[in-house]
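What follows is subunit A paired twice: with subunit B in the first complex and subunit C in the second.
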Partner chain A sequence: MSQLQGGTATAARAPEGPADAGRVVVDGVGKTFGGAKARRGRAPVAHAALADVSLTIEPSEFVSIVGPSGCGKTTLLRMVAGLTRPDAGRVLVAGREVTGPGPERSMVFQQAGLLPWLTVMENISFGLRLQGVPAARRAERAAELVHLVQLEGFEQHLPGELSGGMQQRVGLARALAVDPKILLMDEPFGALDEITRRQMQGELLRIWAADRKTSLFVTHSVEEAVVLSDRIIVMGTKPGRVVAEIHVDLPRPRGTDVEETPDFLRLRNEVWQWLDRQL
Partner chain B sequence: MAGPAAVSADVVVAPAVQAGAAPGRGSRGRARALAVARRDVLTGLVALAVGAVVWELVSLLVPLDWLPRFSEVMASTGDLLQDPAFRAALVESTVYVLEGYLLSAVIGIVIGAAMGLVPLVDRALRYYLDLALFVPPIVMAPVFLIVLGLSRTTLLAIIVVFASTVIAVNTRTAVAGTDEQLRDVARSFGADRRTVLTRVVLPGALPLVFVGLHLGIARAVKGMIIGQLFLAVIGLGAYSARFERAFDAVGTWSVAVLVIALSLVLSWVVKVADVVVNDWAYRAAGARDE
Partner chain C sequence: MSTTQTLAAPPGTGPAGSRRRRVLDAIGSPAGDGRARRFWSAAAPPLVVLVVLAVGWDVLAVRSGNFATPSVEEVLAAVPRVFGSAEAWRALAVSDLSLLLGYSIALLIGVPVGFLMARNPRLDRVLVPYLEIAVVVPMAVMMPVVLIALGLNRTAQVVVIILFALPFITAATRGGARTLPRLWTEMSLVFGAREAQVWRHVLLPGSIGTVVAGLRLGFAQALTGLVTVELTLIALGIGRQLITYQSHFQSAELFAFVGMLMAQSVVVMSALSLLETRVAKR
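On to the complex of A and B.
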């Protein structure tokens, strides 16, 4: 079920062909922050956020990353998104090295990241607008997404007029609007209360099941990772690295009752055991 | 928020929001702009009326040479407004304020945005901006007079230096304080630097820029009066200086009342523009209050 491979969860290999459009390969990436300049009389202080991290995410796979604060989860996700460049190694998407953001990837942010001056419809179609999609098509697509995330009646509302859960639905809809092959999510439910969080997990499972986009999900919640994922990557700190990979063999579709099953409890305990070793 | 009702577990919204399909954004913005303008104007007028009554009573109960009755000042103001020369001076001063203010807005926003976006520009200009912010215009007026001579350029320079600084400071703060996550959102969809600037940084900065514009209009009026008093040959400042030299308290107060009225009208105009442009910020604030 799980394995500890000294920073290598799955061997990185360069994929080819359109069938691999949703495949992500992280190949020995490293990232160090700070330390570029020494301050007066002091040695530069560098922080190795990631060191020699490798993993592969298969098309249509839902992979979660869990780990203690500072283990580089978000940095790794941002590398896949093309928002952060690795100092060492490389990230491949569909066999091509990631050098920046691309239309095949889309990200859901921690605090929803909605533009407060745009309405729900305008926020959902924001990515489409930046990609030069004509207004009529944008409106059509945004309406589809409003329906998908069940926000009918709120199309003209501003983010400030929505609850936290509704804002995250808009953030998810915005990411889905550009129809990415790969969905990257950075603790999207981290700021939500427990009730809303569970409801959003259900919503995400429902939406994901529709076309099974390759998904990389960063979370602090072990339970959330088990409920959502096909595979869980456990990361450790100092430096940030992969310490375990746990396959989640719970049957789909999964409801909230899955948390009552012995298999769920076994998987949850297994993740916790790996995390406890990092503390 | 009084009594929010749950639509579903995560759909908890203010009652006003919950009412269902929202009207168009434009109509909401206009309606709120009118409501805010109405509220501000009415509040201002009521406050002024109370002040006028207090002034009248105090001047009746405590006779002071320097404090004429309010009704007397208003009568004098009416007489002044009948005078074509005075009306021309009033128009001239207003034009100075508007010209100086528009120049200040452009200069302040451009400098503030450059400082907020480029750290090198920020470091280079920060101390000059602080100096311009703290040094009173009356100190700079003689310098401008020596450099530019007795001209309208001198007066405009005084207004611009006085008003543009506060606009630049607010713009700089707004631009530099742009939420990094919002930049990332745009970048994640492939936006280049220019697109991030036009689609994220500038729209998000507008509410704070308008705070600067609001403070700027007040400082433009002050700069105009100080400049005209210093030059003492043109506009309202010339009239004020003339009344002052003649120890004419009623005349001096009449000019002051007109300057206050001019300031209020210009301030209300900026406020309405703010509410129209930044209606989203007012709507969000309204939702929070509810």
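On to the complex of A and C.
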């Protein structure tokens, strides 16, 4: 089922209890870049990256955002992460306005962002170290996650000794290590080859099924969004805004073989129809 | 039925074999482990150049007829006298104290200021013009200003050394921190890092290679500042010793003493280079 252009407008509500801990509400956010300084001989040019974007992500929901380049997907994700402040509107997590990064949110980056002088174990436990978790507990937690992402035997390797897919597993493990309520992923498989990407999609489905964290996933790949998500937000450009919400009613648990089903094709085509209108 | 066989250790292995290989290597035998051979292969060209320069110097010294110009033989003969002279070591110690104080202060100021400039755009905009001037303009021009303000004493000497070293340490640290991938800092912020933690866990380890390179450059500048101020205005240690040799026409001793200074500098710079290499290998 899809939502017509205009997106949703969900009013913020006060937290009702632990069940709301994983709810994200984006309430009419807007963001404009540039405009303050004029280039030599030219008038200032402002670019509206986002305009009046509203959506809600329910606890334990996996939501993907797809859209053409420049539609503000990453900007929106960074707002939820607390790395970028909106110029208009607000972002609420568990009923509280986001003013910066917080321990209930964690992020997986496109380029992994591993620190090259730290081993796999040290990278995975990096967030725990910042939180002051004792070394023994950090090591225990990191070992659990090494097993979860199937990197046994590579604990003492440096990032430079790992493949791209392995680095992203470490990035995912690092994000999960701090046990966030909300997992944010900015095209985590975008830099990988097709084979590794598909493998990682399967891994993510397996890992997510074990914990079902509220997840917001930005991707350029429509197929990836359909495979992974409960709901897909389609965004348009100029300015960045929600043009459609598509519920993915494929059964869980899923594997990547869901791509062979007629329902998958139907959903994929529906997303593409919305995207084609934006191109 | 087990088919495992215990093979005899090949000859030349084990602790005795390792010692044997080192001895053979030291005497240049091909049966050695090659490390000594590789060392001498690398060291030979500079040594050959040194010998050629020494021979050339000797020829010039003889041909010039200038009695103040010592031959290589005379300088080599003066080396044990100088290296065994308590007076020479005392002079070196006096100057080394100024060098140590000045360089340490430059390091303690320059590294944090460099990081602050990299992290704070406003502060960076304020300080960058002064930093650029300090890097480009020879700090020797500031020496008379320092002397007028502080007098002919160790404090003025230390300040001059700081002025020579500080800009380079600051600039290298700032440059290294600014070139760190922004992703690393943002990642640490996402995981809850406070500013001090960003410095400790990302900035410092991430830019340590450039910082150490800056420290090496800063030391070279500090040494330049020391020698400049000692020879021109405030002769407390090495400057005074060089003047003593000069006034007593002890040119061979003077050359040997300069060699002593150079040897000390090479040792420190080599240590910093080694540190830089180790840090870069992380």
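As a convention for this text, the second predicted complex is superposed on the first by the 266 of 279 C-alpha atoms of A that agree within 3 Å, B and C clash if a C-alpha of one lies under 4 Å from a C-alpha of the other, contacts with A are read in each partner's own complex, and residues count from 1 in each chain.
The criterion applied here is as follows: a residue touches a chain if its C-beta (ideal position, glycine included) is under 8 Å from a C-beta of that chain, and two chains touch if they have at least 3 such contacts.
As the structure is a computational prediction, the values presented were derived from the model and not from experiment.
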{"item": "Room on subunit A for both subunit B and subunit C (clash or fit)", "value": "clash"}
{"item": "Which superposed partner A:G102 touches (first subunit B, second subunit C, both, neither)", "value": "both"}
{"item": "Partner chain(s) touched by A:G127 [first = subunit B, second = subunit C, both, neither]", "value": "both"}
{"item": "Partner chain(s) touched by A:T119 [first = subunit B, second = subunit C, both, neither]", "value": "first"}
{"item": "Shared subunit A contacts, counted only where both subunit B and subunit C touch the same residue", "value": "81-83, 100-103, 105-107, 109, 111, 113, 115-117, 126-127, 130-131, 178"}
{"item": "Subunit A - residues contacting subunit C, complex", "value": "81-83, 100-103, 105-107, 109, 111, 113, 115-117, 126-127, 129-131, 174, 178"}
{"item": "Residue ranges of subunit C in contact with subunit A within the complex", "value": "181, 183-184, 186-193, 197, 201-202, 205-206, 282"}
{"item": "Contact footprint of subunit B on subunit A as seen in their complex", "value": "81-83, 100-103, 105-107, 109-111, 113, 115-119, 126-127, 130-131, 153-166, 178, 192, 195-196, 199-200"}
{"item": "Subunit A contact footprint on subunit B (complex, rising order)", "value": "8-14, 17, 20-25, 28, 179, 181-182, 184-191, 195, 199-200, 203-204, 206, 278, 280-281, 283-285, 287-288"}
